[in-house]
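Structure first, commentary second.
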């Protein structure tokens, strides 16, 4: 009887070998597949580990690890392969390759590669959060810049400072993602409202104005707004405003505490999470969710997320605060008319519009660092930067490329007001909302726990919650400094 | 049966009625439970037949459908079933107004506008099934290559697992030896350590061996038994009475022959179970292949599925299509293995 | 003593096949003590021989990484820099503050309150999920063991949920449980008349019960094992019981259940190990949610989730390894206890007496 099983299995094995042979060039393991009883240990020893140092005269290999940020969409994969080909055809001594890793597993794979002495030569494009999270992993490019006397003047000022720390300049700037409001014109029409202003100097466009507008734009199943007595919060089908694709630090940044996006003092020793401005912001958001109901709560967001759609494109959030990267995947074939507008002014008359800045970085214990530096320079060179940024949906960090990018925007997104995008850069957050703090991951998780209270607890005592969060943060900081 | 007295026959007759009742209840319970089970699957299938726009705007519906549209003044507008003056019409909604009202027009007479409450009308839909999602999903990745890789990993691994686990389980269940209990506990302890902390060392191990980016890390360890399957087989082997073993021993059989001719035939349901479990595990496993397989050509199906889930773009329709495809082989396997599975083991004439 | 006489009696009464068998019997019978030793020794060696494939695999693939992680638990290791030895500091971090916390009843007195929260969440989940899963899958298996028409189809249907990968199952269920667009709450409200159904995964009180429910949907796996076990119960036992006049319930309790205890034992041990290592479903359900992993408010901060965070979010591989080994010890002790108790309630037909 067992023999029968064996026969069946052997047949299946042979069949599967044949099948994979039909699927294209046979990978090495299929060719060496043994009969069902013998392990293939001996044959495998011949396979080489990927990133071995190249011998003299051979091409230096540069592997770019893509997966922490954007770049893993199938269309982007094809575009990146074309880009690699362009580089390889024009460079004889260096060969580059994009290693695409699904975002979910990027961290594990990267760590495994680093620990296995197989670190990729470049990592990116990724933003401030990943750079901050892995801060000890990156090579400081300052010596390279100095050695080549690289001209940094063409880059936007903020692009060079956001990812620069006193002890680390993580890489050459690639692109920026300014932020602004996306709004659903059809929803405004249905509510009989005027569209928000596009004038960055108009200071009447502030938190209160937004709140008024958003309340009118929130509809329950019977088209009542929160201002109507019959409003039913459990059946909301459209919310007025949302800013939920960011974390706690991000959401509170616009309210303008002294440290802006960083919840600690300059020396990273004291927690300032419960600064009055942030407490105000937390209260404003909390009221918006639970009192005036124009911001989706946790259930609402989960509902939207579970459809695999984004809040704005699905028509469920009328005014959506996000960055330019949102444009590249969500603004396709929308069934309604839309446009973009500046972020509103906050309660102190300031406008702080968060920004994201992407770049490629070099792991410090990778091989072929000089080759990696060449590739990095090539990617952000004026000739390529617009093409690269088009793949990833960012605004090129070079001032000289602004016009080329503007033309691209006009062609791709003809209906929106492009000036809004460029002007937003001036209002970025510094210190950045994703910038490094000690124990970055732990701080983030602690603060996100506060975030979950905000969105799921209608009865939360705002001051108490913020104070508790600050205390937890202080504890983390204290422990970090005690171990230094 | 004929030896039983008459009243017992009567007992049997009512017993059969009783059995029918039990069978009836069983079927009822099973049926109602099945609905619970099947609804999520129906969602999966229906989502796989929608396009992204439908998923975005109409994800709750079990039916892939699109709003029926009509041309009004050069623009497509959605149609609603509307009752006006007691007569039902199909009107298009051209404009949404405040307070839930909308302007409806008859496409044939666009100048006459009716203002009605939108929620009181019934939106009209037409079927819009996107069979091409499956084709698109298959073409979007090297599907057949991935399928091949998955089959290799699954079946060769299964062969290795059955081979090694039978041997090891036999050793743990049919022999007396001083250290066997301790070894068994050691075997079990290997699954008590969370795998996350072993990830880095294991990766480095395979890196040193040169097996990274091949299918070997997924296959070779199977030939050295694993705690789950050994444990299960051991339990089953221990339910098999010793009498046949002893009889064979006396006939001069060595332990290996006893394993092959006595134990394994009787443990068929258990072997099928572990086979199916291994198949499922290897078929759906994406974590290990992801870490060990670098080049996209070497990926398995489960990993390939991940490619549709980019950071910002979630191609839900493609993911569901591949997921549905991936369910089919295990279902077929399970369905057809039932025969081996359900063979009852009947002992006759062996009384201790 | 009794064994020896049983064996010798058997050997005397059973017919031998062939001359060689006869000769062997005579020789063996004439050397009682030596025979027993070499027989036992031969048996032991045979036993070890069969177990060797696993031992080799263990030495090559398993023991290295296990010892490596044990080593890491005594270090501070962020993966990119070499590990630094810190002795018992990680263990101290996990356990410090116990006395103060017990004294004052304030969880903030712990040096690492999340460690204890993770333990509490995991134990809470295990105490509900384990018994429910065991009972439910057993019940299902009994149900599916009937000779009803089309039973193969029913079995396949109930097995379906365990065919889809855990990731997909979780995504489906997150949708079903959503209070706004999911199907469960409307069902509870309209059909069962529940006034205000809970928020499930977004409500700290109900997150764990929601996960338990999700797990029950996929009991197909353990159900099959029970099915296989039920198939293995010799039918003549049922016949004998029927002849003795036992009704269905008595047959179940006195024949089926005892014969199934080995399988039950298996499911109990592995179920316990699995519930303590519960990870994938929570990860999928909460990693993209508002509060991140463990939300809402740490109510789903399972032990393995916390471990994962330390390893791959905080890059504190040393502490993560420490957590892993603490869990290892807990599970090891519990398993040993279950094994010890098994002698009282598990019945093996083919159990060897006098195990060394």
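Here the chain labels run A, B and C in written order, and each chain numbers its own residues starting at 1.
Note that contacts are C-beta pairs under 8 Å (C-beta built on N, C-alpha and C of every residue); 3 or more make two chains touch, one makes a residue touch a chain.
Just so it is clear, the model here is predicted, and its values are computed rather than measured.
> Please name the chain that ends up farthest from chain C once chain centres are defined by their CA atoms averaged.
Comparing chain centres, A lies farthest from chain C.
> Which of the chain pairs holds the record for C-beta pairs in contact?
B-C
> Nearest chain to the global Cα centroid?
B
> Taking the mean of the C-alpha atoms as each chain's centre, how many Å separate chain B from chain C?
Between these chains, centre-to-centre, one finds 20 Å.
> Per the centroid of Cα atoms for each chain, what is the distance between chain A and chain B, given in Å?
33
> Using mean CA coordinates as chain centres, what's the gap between chain A and chain C in Å?
Taking the average C-alpha coordinate of chain A and of chain C, the gap between them is 39 Å.
> Chain C: which residues touch two or more other chains?
Touching at least two other chains: 79, 175, 181, 312.
> Which positions in chain A touch two or more other chains at once?
108, 111, 115, 306-307
> Indicate the residues of chain B shared as contacts by at least two other chains.
Residue numbers touching two or more other chains: 59, 200, 223.
> Where on chain A is chain B touching in the complex?
Listed in rising order, the residues of chain A that touch chain B are 1-2, 5-6, 9-10, 12-13, 15-17, 19-25, 27-30, 33, 36-37, 39-41, 44-50, 69-74, 76-77, 99-105, 108-109, 111-112, 115-118, 186, 189-192, 219, 221-224, 306-310, 313-315, 325-326, 328-330, 333, 335.
> Please name which positions on chain A make contact with chain C in the complex.
Its residues touching chain C are 107-108, 111, 114-115, 133-134, 136-137, 234, 244, 298-303, 305-307, 363-365, 439, 441-442, 444-445, 448-449, 451-453, 455-456.
> Which of the residues in chain C end up touching chain B in this complex?
Answer in residue numbers: 10-11, 14, 16-17, 20-21, 24, 40, 43-51, 53-58, 60-62, 64-66, 68-69, 72, 79, 143-144, 146-149, 152, 154-169, 172-173, 175-176, 181, 183, 217, 221, 224-225, 227-229, 231-232, 234-236, 248, 259, 262-263, 265-266, 269-270, 273, 277, 279, 304, 307-308, 311-312, 317, 320-321, 323-325, 327-328, 331-332, 335-336, 339, 348-352, 354-356.
> Taking the touch rule as given, give the residues of chain B at its contact with chain C in the complex, in rising order.
22-23, 26-27, 29-30, 33-34, 36-41, 43-44, 59-60, 164, 167-168, 170-181, 183, 185-194, 196-198, 200-202, 205, 221, 223-225, 228, 230-232, 235-242, 245-247, 250-252, 255, 259, 266, 269-270, 272-273, 276-277, 280, 284, 286, 302, 323, 326-327, 330-331, 334-335, 338, 341-348
> Using the touch definition up top, name the residues of chain B that touch chain A in the complex.
For chain B paired with chain A, touching residues are 52-53, 55-57, 59, 95-100, 118-119, 140, 142, 144-145, 147-149, 151-152, 155-156, 158-160, 162-163, 199-200, 203-204, 207, 209-216, 219-220, 223, 260, 264-265, 268, 271, 287, 290-291, 294, 296-298, 303, 306-316.
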